[in-house]
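The letters A, B, C and D name the chains in turn, as written, and every chain counts its residues from 1.
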Amino acid sequence: MDEPALCAAEALAARIPDGASIVLAPDYSGCALAVVQALLRRPARHLRLIGCPQLGLQGDLLVGAGCVDRVETAAFALGEFGLAPAFDRFYRENRIEVVESTCPAIHAGLQAAEKGLPFMPLAGVLGSGLVALRTDWKVIDDPFGAGPILLVPAIRPDVALFHAPLADTRGNVWIGVRRELMVMAHAAKRTLVSVEETVDGDLLREERAAAGTIPALYVEEVAHVPGGARPNGLFTCYSPNFETIARYASAARTEAGFASFLGEWLDR
Amino acid sequence: MDEPALCAAEALAARIPDGASIVLAPDYSGCALAVVQALLRRPARHLRLIGCPQLGLQGDLLVGAGCVDRVETAAFALGEFGLAPAFDRFYRENRIEVVESTCPAIHAGLQAAEKGLPFMPLAGVLGSGLVALRTDWKVIDDPFGAGPILLVPAIRPDVALFHAPLADTRGNVWIGVRRELMVMAHAAKRTLVSVEETVDGDLLREERAAAGTIPALYVEEVAHVPGGARPNGLFTCYSPNFETIARYASAARTEAGFASFLGEWLDR
Amino acid sequence: MNRCTAITMIATIARLLEGLRHVAIGASSPIPAAGALLARERSAGRMVVSILGSERQNPFTDGGRELFDCAAQGRIDAFFLSGVQIDARANVNLLGLGAPPRLQKRFLGNFGAPYLASLVPHLILFRTDHGPRSLVEKVDFISAPGADGRWLVTDKALLRRRAGRLQLESVHAGETLASVQSATGFPLDAADTAPTTPTPDEATIALIRGPISVSVGEIYPAFETLMRE
Amino acid sequence: MNRCTAITMIATIARLLEGLRHVAIGASSPIPAAGALLARERSAGRMVVSILGSERQNPFTDGGRELFDCAAQGRIDAFFLSGVQIDARANVNLLGLGAPPRLQKRFLGNFGAPYLASLVPHLILFRTDHGPRSLVEKVDFISAPGADGRWLVTDKALLRRRAGRLQLESVHAGETLASVQSATGFPLDAADTAPTTPTPDEATIALIRGPISVSVGEIYPAFETLMRE
């Protein structure tokens, strides 16, 4: 990664204050790992992470480095490598608060925020033990007569942070079919995006690109950070570096292993 | 319009039974006017139209020809030409039932159907006289403490009917940024689409096109009907024929004028 | 309405929008569209204008609902409403005359007004035919409830609701306090004389009749014709 | 788990999916993904398979929520769940061991299970390590409640819930009723002998180890390695 890209990532990270709630994309979508590196280097403190709908490598790095007080997520996993090792340690040591959720509840909560609503109803879920865990959720009798139904409160993150393939110089960001990133941007108070590439022109005026584009009106800042999702993959751009992730999954099981991996990674 | 296109439009219209509820796009989106012609020629009967969120030329033609029992819409207008003349006559003569709505309530009702929910909450609206008109709407106290809030029931149309620029031979339909068409397709039990152009291949595998594409899994049938939105315009393809629409707006004020316009138009 | 009056309305609307970030325009609103485009011209690129139905002046990519979601998020600063009736309390009736649900005369319908009325901070009302039948003491139906601070731009004057009622701010060139009062279906609280609404300069007029009317003409061709003739 | 057992599970899953139109695969599910792709191969193009996280096997264009919306619309016929525990009533626990909210051992989390459990008609359970600690009398936490008719595919056997409890349908080659019972943490109602799960033919095995493992390898490279070695 070259110097300007590093600077750009640092600048984006500097816009995220300690204590912020941040909604993050899942590993298979757009992860802003270069910005996460900058947060680790700072290091950021007291962050509250929201997985949209699950947390992976980004979340585990932040948790392992002690940046995170609380996570709200449907799952915490390193894809095929299973348990997120740093989170697993922190959970066992009771050093992190976990708000258990389920994927559609997170999507619904973000959509409530997108619509300026206090809550959204959600189908299903009622037979699950999750309802008892979530004392902030409500079950009401559907006033239209369909029986009991779950209501989940809006999730309005301070920051949406993700990495995308492309932005134009006006700040429009192309995310293709990864529209969970668009919901994140609509729902959050501020949206920060790193991208592989920036182009002149206006993506909203390009017939084909427009449909997969988040309008600049939702985006506070775009940073040009090539390779900014690595070692995760980025849709339409590159595959994950499974070797690095596997090495992390194994090393991060211990505090020392995590520190050593991190030292090496941040040092690059 | 050539013969095969006419046949294709007829075939699509044949899939819409009398009595169906049909959600239609507004004039500035994708209007399947060739299919509407086929419905007029039949003529279809007892249709219930839902404007997404408003009705225009398509709706007025169907109302004027006596095909429609009921409309649910946020507005009924011919764009700059104002009042929809046939609907205006039918309304005055008390020959049509109108369920008054507002744009976001229709979008919300369709999204409730899209999500398999009995209702959706909706911000705003409470100070409007519309709430008293809609006895099927409910106002509850927000269980999360934000005060009274409106709930609108799901709108699940029998049929979503629209016209789009492009489909592939697998049945994926490209609608670009006109995503109200996608919500219509998700919400309706059956989706029928006429298109300007069909291409081989798979739009879902084309990086740029995919984000603006309704997957075939929601689409019952696609018909190749070039010019199928005329005299309305079609995004990315052609502009409205304002002269024809103006002529219609003036002619259709009387039953005789409407009949004469229709006779000429269907005869082409 | 003649071109000169339309241009005064457009310039007045542009003035009211100064400093805002995001102005949205709904259906059947050529004059607000032109006013917003004029304000954007003067904003040094800081204002976004969204015109419903336009392919070229539309930053939305999430379908018809996005305007409404966006308003509820607090991201839309200004929106415009006309209506068959506007009353002394700045209530707007877009639905029709008589007692609903069976109106004596139905107009276009409520559009997004019932929703946007309470969610957009700068809701600007407009009427191109200021008269006692359009500006009434009390609307037959409240599509959108009024609120203090709300502006009304007509072809005769500029009004604003203060202390619960619409009051005269200025009269357009050629009008007087008396001529406006006689065209208004409710008593206007006003001083003995009313200031005159500023008229736009030649450069502004040229801008409106030129590039702005072309932009607006994409969806309102009759408006473009009026400006060009 | 060895390759041979994985292939039996994949072929069994493909059998259960016969005739369905739309099969969706969630996270951490390489074997169901392979089973669904095998079923699709045999469906003459009638089956759609959606694999979460895949770029190539994913018909969705409305973001992460679409799978869930689609399920609630009744457009998804089958989905798969594994979990740290599955109990005699086919309840699934994906969350962890011990008493929530402070679990003794937390696993990955609930994913979409609490929602999909009641909305997808063919919810198929799977476990790649059939043992008394994973198949228990009663789960510590119900992520997804069980229901009659539900299948469970493990590395040892095929089970189905009837009359409220999981019962043995067939044992995989190399297993017996006794070996499966001793690996199961609850009593299995079964006849004296259990039929053997059909084993796939050479062509099917070649298909799984060839093109299907390549497809699955897009997001599960370790699975592809296991199949290829």
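Here is the rule we go by: contacts are C-beta pairs under 8 Å (C-beta built on N, C-alpha and C of every residue); 3 or more make two chains touch, one makes a residue touch a chain.
Because the structure is predicted, anything quoted here is derived from the model rather than measured.
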*If you take the chains that touch chain A and keep only those that also touch chain C, what is left?*
B
*Could you tell me which chain lies farthest from chain C when each chain's centre is the average position of its Cα atoms?*
D
*Between chain pairs B-D and A-D, which one is joined by a greater number of C-beta pairs in contact?*
A-D
*asked:* Could you work out how far the Cα centre of chain B sits from that of chain D, in whole Å?
replied: 41
*Would you mind pulling out the distance in Å between where the CA atoms of chain A average out and where those of chain B do?*
37
*Could you grab the centroid distance between chain A and chain D? Build each centroid from C-alpha atoms only and quote it in angstrom.*
28
*What is the distance, in whole Å, between the centres of chain C and chain D, each centre taken as the mean of its C-alpha atoms?*
59
*Residue list for chain C, restricted to those that touch at least two other chains*: 58, 60-62, 68, 72, 119
_If I count partner chains per residue in chain A, which residues reach a count of at least 2?_
115-117, 122-123, 177, 179, 182, 210-212, 236
*So what shape is it, when you link every pair of chains that touch: line, ring, star, complete or other?*
other
_Every chain pair meeting the contact rule_ = A-B, A-C, A-D, B-C, B-D
_Taking the touch rule as given, give the residues of chain B at its contact with chain C in the complex, in rising order._
26-29, 52-54, 73-77, 79-80, 82-83, 88, 91-92, 94, 98, 100-105, 107-108, 111, 122-131, 133, 177-183, 235-236, 242
_Please output the residues of chain B touching chain A within their complex, sorted ascending._
115-123, 138, 140, 142-146, 149, 151, 153, 175-177, 179, 207-212, 236
*Sites on chain B touched by chain D in the complex*: 113-117, 182, 186, 204-205, 210-218
*asked:* Help me check something: in the complex, which residues belonging to chain D touch chain A?
replied: 27-28, 30, 52-53, 55, 58, 60-65, 68, 72, 94-95, 100-103, 105-119, 141-145, 219-223
*Can you list the chain D residues touching chain B in their complex?*
22, 48, 56, 58-62, 68-75, 119
